[in-house]
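Two complexes, one shared chain (chain A), two partners (chain B, chain C).
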Partner chain A sequence: MKKNNVLKTLASSREISLLMVMLLIVAIITWRNPIFLTLKNISDMLTNYSTTMILALGMMLVLLIGGIDISIGATIALSGMFSALIMRDNQGVPVVVAFLMSIGVGLICGLLIGLVIVKGKVPPIIATLGFMNIYRGLTYLMARNQWVPAYQIPTAYKQFATGRYLTFGVLNNMITVMLLCYILFFFFLKYTKTGRRIYATGSNVEAAQFSGIDTDRIKFFAYGTMGLLSGLVGALWVSIYASAQGDMAMGIEMDVIASCVIGGVSLSGGRGSVTGVFLGALIMAILGNALPLVGISQFWQDGLKGLIILVAIILNVLTQRSIIANNLRRRQA
Partner chain B sequence: MTVQKEPETILELKGITKLFPGVRALDSVHFDLKKGEIHSLMGENGAGKSTLIKVISGVHHPDAGHIILDGKERVFRGTKEARDAGIATIYQHVTSYPHLSVAENIFTGHELVKNGIIQWKEMYRRSDELLHELGADFKSTDEIEALSVAQQQMVEIAKALALDSRIIIMDEPTAALTKQESEQLYLITERLRDKGTSVIFISHRFEDMYRLASRVTVFRDAKYIGTYRVDEISKRDLIKAMVGRETSEMFPKIELERGEEALRVENLSLTGYFHDVSFNVHRGEILGVTGLVGARRTEVMECVFGARLPSSGTIYVKGEAVQIRHPQDAMDHGIGLLTEDRQYQGLILDWTIGSNITLPIISELGNGILTNERAERSKAKTLAEKLNVKAQSIFDKAKSLSGGNQQKVVVAKLLASDLDVIILDEPTKGVDVGAKAQIYEIISQLAGQGYAIVMVSSEMPEILGMSDRIMVMCEGRVSGFLTPDATQEDILHLAMTKDTEGEE
Partner chain C sequence: MKKLISILLILSLFGAAVACDGGTTSTTAAPTEAPSATEAPAEETEAPVEETEAPAEETEAEEEPEAEGGVEGKTFALLVKSAGNPYNEKEAEGFTKAVEEFGGEVIVRQPEKATAEDQITMIGELVAQRVDAIAVAGNDFDALQPALTQAMDAGIKVLSLDSAVNPESRAVHVNQAGTELIGQALVDAVFDLTGGEGQFAILSATSQASNQNAWIASMNAILEDEQYADIEMVEVAYGDDEYQKSVDQTQALLKNYPDLKVICAPTTVGMMAAGKVLKDEGSAVKLTGLGLPSEMAEYIGEGDEFPCPYMYLWNPIDIGYLAGYTAAALVDGTITGAVDDTFTAGDLGEYTIVEAGDEGTEVILGPPFRFDPSNIEEWKEVY
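Now for the complex of A and B:
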């Protein structure tokens, strides 16, 4: 009886079905190349993909309210380039200040997008398509189409991405920042009014308005947060690659959206969990890190990655359907 | 004992006027509500009921008039202000958050927080208390999507209770409920009343009003017609007040010569749903199909129309056995189905009336490559006029029409194809009295034009008033055929006759 219940819970939880998909992928990869499951490789993988993982949180908010943001790559470039240029010209800028500047630029970018979408009533995909080009163009203009090479970036800043001082030597700083973001978001979405109202807005805008929720403000908040996180990632990006280029983070939005969708975030809003997004982003990271490890040719990697993403999503949809079917059956009983 | 004191008036609306661009939605209307009263609000679709409740609940701001709550004039600048004043609304289309838990649905907008942190345990506990109070059979942790419409409505009531509302407005709460579920809602509503909560109850169903309300206010064409004591007004007078005319001609049945057999169904079965269903219908005949909830009438019709594949049985069209594996096959054989769920299955709401009507025959009117817009337009216009669709032109969007008119467009769409048999599933569900009469007229006309009509309906007066023959079903079996001079009791008797040993 009890066992049956456990099985039912297993089959009816999207997160657990995701976890199983991930374990399967890990098992196959480890069988092909045991290097994958070493502490060093996992640490490297998380360090390299912490950016995508952080962005997935912001994208989740935007998707939850039924929107989408494809301009994040450009926002990252603009904010990262901005602080890189400031640092190039003022070598003494403290790391914290550089980070804050980048975050600030990202936040402004996000708020502008929110303004156009909420007040201008422009469909999110169109608005962010526009801003994607605007921000990217601004990045090139601002840098006069040059890049900021490693030697022009302060050493302390470059060391952030390789250092472990945030946790006094336990974890890489990038991983620490990423984990902090996840903990913060988990708490925020579950235990704060604003967090729950994001779900309410995405689930049924009209009902939310009738409940007295300022849905415009909620949407504004989501795009603002997405911008803020893009700004943060812009700063991290410059640190980890030890340079700032006009075309950095180009196309990253697709990996980020894929992470969310694999993680079970509904593109029509209202559904998605931090745990799911974490697993989704982790699966993307594993694919990106492991496919070269198992010796698959460069040309096959992209196709295979796409295929695995599709399979993961189809499994996810099937789980969702069985949940709905279960619900219907219960409804009939 | 002492003379019962007249309860105090809790809410009064005086001379409320609300204008929308080009429309006077409310024209100086009055309304008053006493403490612990269930007050029914009636009127045809578009009479202004929904606008009035939106004014009361702070969604709309009246252009003129006064809202007096507890003897003090109030102005609600938003739903939150009305809610804080103790007014809760349960809307017609359930305004829940399908992805969220019951507890969240109850508390969204006024979450229980301590130091900015949501108190989940407390919210679940309070919700379970409320659900228990309402006699609900589900938990606060359940997801809304997993609940039936009746259960979702209960959540909405719990939401109102959580807000300590003194006035609860229910907009057509029984529209989507079965008899049993309605009864449960009645009990809950009465319990609320006995506790001193005032309820404004909007419904098209007379039985709701007679069962619950002590007074009824009638609106017509955005105007206030009157307020009556329910025990002092007859149904006939009430209909007259609502429609502004007598509806003795409610069922415009024309006696017709029965034509040749158009459709015959023999021993149709669908495993797990129904068994050995056989019936036939002739040209010019209206076959009424009725039964209680779970009789599987709709499933039978979906099989005839090819929307489901029967497990066994034969369908004959004009005497010839045919294979119907897909709705297109049914259409090709001249069988059309008007679904129960008109909005979702019948119409593309964002399209114009004309495009909706001609959608099934686009390829026939065109020349194989290009569509023929002129032919489409004239065909749509003819059909829309034939059915008297109330709209500016056939270029109006379908969603701008009232329920009754949408119904007509769906019928027009059916007529556009070359049909012999028309199956109507609950043609008057969710339609107001005036539009009902029009729909009956259309059905009669169609029969008069030689169509064979199968009309599935749960409303016995409608079945008795319109049908030439009546087929009664009970739990997936045909329990008998009746003539229209049968009584409601006869139908009920058959509808509850099972040949297998059931449990209930």
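Now for the complex of A and C:
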């Protein structure tokens, strides 16, 4: 009976069960290679994966309203390439301006997607599939199939990704931006009207409409935000890898969606938390960073990554089910 | 309202069709309008290649007109691996230059993704267009066989360049540099940079990439030699030609092997990612391999702040150019693709077909070209 109780407390929260999975992974990895838990490695990891982690937030919004966006890789390429091209031709562009341009392009991309989905009533996966190709094609056209190599990107811009000046020397800038996004989203979804309306729209569109929520506006908002974050990541991407290529960030949407699903975001909408997404994205980052460290054969790494993702998701679903069952029992009692 | 929207949609489709038309003509026409911008630097910088290929120079002047018989007005198609890759762009540029020199017509096709499926579709389209030759940089060694066999049955000359397709699917392969030549150049670079002893690691692309694996196998074979007994290859890491993953792999190599002296990356994405990591960390580990000059210009130099003292690559413009002339020689019957056939490839001189490692035949462009601080400034402008 007592054992059952422990299980029950564990199963009472998705986030806690996720945390346990993560700690288990961390423990095994550290046992195989203690370097993993060094400050330097964790900083390296978070810097390299800040892009994926930021995107997971936007994807979470889109999934919450019951949509999906697979065009984010192309949006990143388009916005990143746009600001990189401008910087190539005008070396004096301040870093902030370059970032704002990239974010602006991303926002426009996202709003266009939102427009087609909301006004055109096109299923999100089809609409974003179309835009994925359009944006990727535009990137090639805009850059004339060329690329912007490291030496053509202003030094100040490249130093953003390696610098620590946003926190006056404490944290890498990339990590700072990522954490700021998470804090912002945490409060936004929990304590603002729009935040609550997103959940309402996602769990039951009709009920939300009846209660006076403009669900179209909420959807528009979600895709716009996803675009905006993709634009931000486009800027970060060019800074961290010191190069802009037409094929950059291709396929990143899969890692981002996986992060969300591991983090307990429901693909049918309405369910998911910022904490969960943070843990989910962190698990993806840990897998990416640590598998090469522990010295497993390269050929096993992809398979193992898939397996761990699957286990995490199954655990998640089981926890979710027991939570629902518990709630039901409580209501009946 | 609905009618208005549908009319607008149809109009926008028409608009897109017109715009796309402009787009395709501009891709084929690009070389004709681009030379004003691109040719000037290309000509200046082609000089170093000619210097290294001094023997080739002798033959070029007299024999050039010979190759022109019977190919004028014929259509030559190039199918690269994917769009958006600068390397493929330069290949197409060289191919176009060659075909225009002998008066043929060029079609360059670029699949959006580097997959065999996209290439198979495009091969079908090219067969339907009745081109005279297809040069393909294969995205898969075997998968293109049915499509390419069909093309050959239709009387089209098929050759591969850069990344080979299997011998049954091609008349001849245009190889950027002999596998052994590359392996030797890389091993010598590692030997030089480690000072003759110590650990080094390889950062490759995907574990299935046939060219990567052939080079690594050749390096391994060369390392057997007693001369290299004191250098140890500790790991072959795969970055899948993705930045994020290549960065992970480089960082893991640095952490797992504190005594590592050299990283050798026979792939351009791996080179960039490793160069960035080593430079950011101020690491003492040196980098060499096969990289694109413009991407690597930032990291090549003398002194401790530059991770890469020198690296190699062939000239993709020359591969495309050689493939153009090889296609012409196939079409006009100068060669059939058999061993010991010889032909002249414009400015590059005379080439002889040799046996390839896969039991087919190939033409080898030459040894890889070395990029170091003395020439990187001019080459970074080229590609």
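In this section, the second predicted complex is superposed on the first by the 323 of 333 C-alpha atoms of A that agree within 3 Å, B and C clash if a C-alpha of one lies under 4 Å from a C-alpha of the other, contacts with A are read in each partner's own complex, and residues count from 1 in each chain.
Criterion: contacts are C-beta pairs under 8 Å (C-beta built on N, C-alpha and C of every residue); 3 or more make two chains touch, one makes a residue touch a chain.
All figures in this text were calculated on a predicted structure; none of them were measured in a lab.
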Open item on the list: For A:Gln245, using the defined touch cut-off, is the partner it touches chain B, chain C, both, or neither? Pick first, second, both or neither.
Closed with: second
Task: Touched partner set for A:Thr139, first chain B, second chain C, both or neither - done: second
- [ ] Look at A:Phe186 in the shared chain and tell me whether it touches chain B only, chain C only, both, or neither; answer first, second, both or neither.
- [x] neither
Open item on the list: Touch test for A:Tyr199: chain B only (first), chain C only (second), both, or neither?
Closed with: first
Task: More chain A residues in contact - chain B or chain C - done: C
Task: Touched partner set for A:Gly212, first chain B, second chain C, both or neither - done: first
- [ ] Quick one: which bits of chain B touch chain A in the complex? Just the residue numbers, please.
- [x] 59, 78-80, 83, 89, 91, 95-100, 104, 108-109, 111, 113, 116-118, 120, 143, 145-148
Task: Residues of chain A defined as touching chain B within the complex - done: 190-193, 195-197, 199-200, 202-204, 206-213, 266, 270-271, 324, 326-327, 330-331
TODO: Under the touch definition given earlier, write down the residues of chain C that touch chain A in their complex.
DONE: 23, 82-86, 89, 110, 112-113, 207, 236-238, 242-245, 247-249, 251-253, 255-256, 272-273, 276, 280, 292, 294-295, 297-299, 380
Open item on the list: Touching residues of chain A toward chain C in the complex: what are they?
Closed with: 33, 35, 41, 44, 48-49, 51-52, 133, 136-137, 139-141, 143, 145-147, 149-151, 162, 241-243, 245-248, 250-251, 288-289, 292-293, 295, 298-299
